[in-house]
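Chain IDs A, B, C and D follow the sequence of writing; residue 1 opens each chain.
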Amino acid sequence: MIMFKTSLRTIGVMTSGGDAPGMNPAIRAVVRTALANGIRVIGIEDGYEGMLNGRFREMGARDVGGILQRGGTILRTARSMEFKTPEGQRKAIRQLSSAGIDAVVIIGGDGSLTGGMKLQEQGVPVIGIPGSIDNDIYGTDMCVGVDTALNTIVDAIDKLRDTASSHNRAFFVETMGRNCGYLAVQAGIICGAEMAIIPEYETPFKEVAEAVEDAYKRGKSHCIIVVAEGAKLNANELAAKLQEMNVGFDTRVTVLGHVQRGGKPTAFDRFLATRFGVKAIEFLLSGQTGVMTALTGRDITPIPLATVVNNRRTLSEEYIKMARILAR
Amino acid sequence: MIMFKTSLRTIGVMTSGGDAPGMNPAIRAVVRTALANGIRVIGIEDGYEGMLNGRFREMGARDVGGILQRGGTILRTARSMEFKTPEGQRKAIRQLSSAGIDAVVIIGGDGSLTGGMKLQEQGVPVIGIPGSIDNDIYGTDMCVGVDTALNTIVDAIDKLRDTASSHNRAFFVETMGRNCGYLAVQAGIICGAEMAIIPEYETPFKEVAEAVEDAYKRGKSHCIIVVAEGAKLNANELAAKLQEMNVGFDTRVTVLGHVQRGGKPTAFDRFLATRFGVKAIEFLLSGQTGVMTALTGRDITPIPLATVVNNRRTLSEEYIKMARILAR
Amino acid sequence: MIMFKTSLRTIGVMTSGGDAPGMNPAIRAVVRTALANGIRVIGIEDGYEGMLNGRFREMGARDVGGILQRGGTILRTARSMEFKTPEGQRKAIRQLSSAGIDAVVIIGGDGSLTGGMKLQEQGVPVIGIPGSIDNDIYGTDMCVGVDTALNTIVDAIDKLRDTASSHNRAFFVETMGRNCGYLAVQAGIICGAEMAIIPEYETPFKEVAEAVEDAYKRGKSHCIIVVAEGAKLNANELAAKLQEMNVGFDTRVTVLGHVQRGGKPTAFDRFLATRFGVKAIEFLLSGQTGVMTALTGRDITPIPLATVVNNRRTLSEEYIKMARILAR
Amino acid sequence: MIMFKTSLRTIGVMTSGGDAPGMNPAIRAVVRTALANGIRVIGIEDGYEGMLNGRFREMGARDVGGILQRGGTILRTARSMEFKTPEGQRKAIRQLSSAGIDAVVIIGGDGSLTGGMKLQEQGVPVIGIPGSIDNDIYGTDMCVGVDTALNTIVDAIDKLRDTASSHNRAFFVETMGRNCGYLAVQAGIICGAEMAIIPEYETPFKEVAEAVEDAYKRGKSHCIIVVAEGAKLNANELAAKLQEMNVGFDTRVTVLGHVQRGGKPTAFDRFLATRFGVKAIEFLLSGQTGVMTALTGRDITPIPLATVVNNRRTLSEEYIKMARILAR
């Protein structure tokens, strides 16, 4: 994992995989910290696809001015099939080499970090920064983008509650998160939902029906069930089944969708992304590569990419229980 | 339409049909203006269903304190099949009469105002206030709730654009509006969408494909198509067909859904709702009933409920053209 | 006022005076509508100062991409003393002439439109677009920026109410508006303030004290008084005097300040600015110059700049009364 | 610090000192967790003043419904001089005793927790929950309310930047924080300010002037300086001095004021407050009292109130340096 680079002169920075709010502040911190240390920075556009095709551009301090508050990523992102092949990787390394890029900072999710590990194994020093609204990356408490996505979900559910209460309705709200229930559980707790249905646990339909009925009997004017997109029971199916049962509430479904990826980054995400970006350069300068910047408690620490990629993050049981008690 | 009521002592106020942000400020204005004129106010809960079942409660000035900024409606709303029958209407009138209610202010959409006309025809003085996010009510420039819904849509599309630009994507965004394309056209103009697809005009799929291709060729990093829920071509179908054509952009769909109904009312909706509420009482006091408060230019004028109910609002062609030119 | 320009080939567009949210959508609409009509567009930077110094740049369709949602103005704005002199004006006209600019669209407030009238008088065709958060321009129901500013004020006062209620406090909130009480009166109505103090009417301190005491006696947990910046009684002085009287509430002051000028434009402001921009080009093409685009009811009409500049907008008494009744 | 209470049947909960967004979610979590454990909950209104005067009310599960998203505190808060005296404290203890309150959960800042320590010393089991937007409480990484306040500041500065850029202006923005520079430093980093001026370090005026001049020379269109309210150099004085120097930018001042205390709590604050509330009851049940719930890394741990009250939180030098590098 550790290799020492005596003469770091030029680095590349790129975003990859699904975009997440806060990627821009991370780019900004990488660029400005590198420049402050006398390192040149090349922006790699469109993720690994751009790396393969040499879509490189020099980044100065002004190029990252005014991007702190912008969602998405100014370097854009894409998925690349070609990079997954050994030939693709060799081609990418040739591109980096001919552009004089000595090391790469990769901001992205699980797949992107796996790509980074491949590069590192073949001799290109890499630092990963976890960026993903799903919070499904092992080794870090939080990824860049999670806090903004959660606040977007909270705003949406607060709005749905207005209309749910006015109509005595039960809403099934589908959140993003792929195979990870993190967003759904957190949203459940902080929005006061009756229940969160997640991929990590199988919830029998009976339990869902009981929770809704129970809310109705306790005199609640609405009922909110958060459903992670990866859950076995799909929001639309759940609503249809429940509607048939005639539990008192009328049911409705809302799939929050891609709005969860957008929006200007929150204070938390700007700060986390900035710390990650600064540390990425510090790790590079101290010769620590093949690692990801991770939030562990209150510190930013380096975690080997291999550890990140070969482990699976699990959800805290504590929070799942907490959600149940508080919904009462 | 005009009848004179010498002894107006007690009025009822209710919300009906789909809820809309701004209904609460309208209730507040009705209650406080009535009280200031020495009139008692009874809140009718759950729309016509509550009217049929006598769900009445006295409203004082403090009961409408702190509701200006709340979405939904504190009186709740519901749909009632029974009220549509002549027996239902007679039952409702008996309930009003036995509660001593001399006149009713009804805040709601087309169906709710039709109900109001029925009551008026049978001797109950009624004032309607147009409340609907769809802006599909004849006779008024704007309904309560439209401005808030538009701002919610704008926020969502601004977020989608972040992620669309980062991924070179075309997004199909479905807005509410039932059979009316108002929200979709407005959103198209103010969000800079490439196209708005609405129920009022049939858009051949070929045109959609050309607009998307054209945006791609002009070097745009994203493409947004707003699709009204009532349009012939459904957002999901459109996206699927376009994806097959391989026009350069990857396609995605987002159905904004019920979040469009919620949220704290904007400045515009609070003010419009307040003016409507004040005028409703003024019309009652001057003996003008069987009318709806309508925004016509800068004034609030009374429009006979029969005129409202028997005409259909059409969209301005001018705006549809405007949307095309500005997307370039 | 009317002159006919047979050969309109190139126009200039600029923003001037205090910035207002929505200026960017106005610029975008001017540019794209002009281009669609085969007219070249030159952006004039920094208002009249830039006009004097030839800070001109060609504007293409892509130059106004992605600015709909941005506050401020991409052309920047400035105040110029030199332009107020006849020599200054002649110099400006020479600059326009040597850049081949046949007509100018000026987006700004009272002072900026006065400048526009001077140019028109000296033979330069001018169209004005009213942009000012103060809504103090004669002849138009609304200026670009007012709706956004009001929503910013509403958000701020909603937040202040949270803390005011928690502490049993009276807040004096100073809003912008120079000599015009529009923002203060509107904010008073839509935020449910106890009182709005404005430049147009002299409010004796006694009345203020009574309103606050009255709110306390009626059991309100807080009291909000909106004070226009141009009012005789200043927010700080009012609070200090009231604190001495010991009326029950503790008093605090908040001066909202320049945040009122910023923020992404609301749906309303984007639409108004867009309509103004489109109409500005239509007026030019039809030979109507020396006019301002004005919102009159639901239409956009041309009002002679001389009429705009030589009249003073007054506030509606109706709304002032309305504010009183609703605060109860 | 540790005492064992075999028979905990009734607890009191109160908010005290300056209000902070997130106090309501904390109250909700305390109430619902207590009820789930068979403990009765009494709400104490208006902080120590209410405790002294017996303003107690029973809290059921429904009493804390719908408050997650509300700013301020439903129990209100106040400052009490009387409670600071030994007689006052004895009176308070008598009130608690006669209401059958066995332990108290106090949500508030430094002063409020000092009061809690006094009660604990005299035999009343107390748990403190840190609530303060200033983040000036020793022992916890974050207090309830800080994240929401930061996001409010970020929104405001993003707006000010719009107008600053449009006018080539330098803005001095005063943030809250009493004697603590936390909010100012964080805001400086995440808003990309040129400088943050804080109570903890003396910044010579010369340095401020140089930073502003430097920004001007580097071609920035605006300059933002964040000034903590407790800083030696006041925002107004700074601006006045700088204006005289004529550095290129025009200067303006904005005092953000009490809006920083309001607003609906963010996702982070809702979650932190909820965890604190749940843990407060867990600590009580396990007999750990005289402690504050503290966020230490990713855990919530009990810190003795005496430790909290007798130590002073310091700012991280690392962040102050980070702010400098990133502003470039």
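Keep in mind that, in the parts below, contacts are C-beta pairs under 8 Å (C-beta built on N, C-alpha and C of every residue); 3 or more make two chains touch, one makes a residue touch a chain.
In this text the structure is predicted, and so the values were computed from the model without any measurement.
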| item | value |
| --- | --- |
| Shared interface partners, meaning chains that touch subunit B and subunit C | none |
| Remotest chain, subunit C as reference, centres from CA atoms | A |
| Where subunit A and subunit B are represented by their mean Cα positions, the distance between them in whole Å | 36 |
| Interchain centroid distance [CA atoms averaged], subunit A/subunit C, Å | 40 |
| Where subunit C touches two or more other chains, by residue | 158 |
| Subunit D to subunit A touching residues, read off their complex | 25, 28-29, 32-33, 35-36, 61-62, 65-66, 68-69, 141, 147, 150-151, 153-154, 158, 186, 189-192, 219-220, 264, 266-268, 270-271, 274-275, 278, 296-299, 322, 325-326, 328 |
| Complex contact set, residues of subunit C against subunit D | 15, 19, 21, 23, 70-73, 76-78, 152, 156, 158-163, 165-168, 171, 221, 252-255, 257-259, 261-263 |
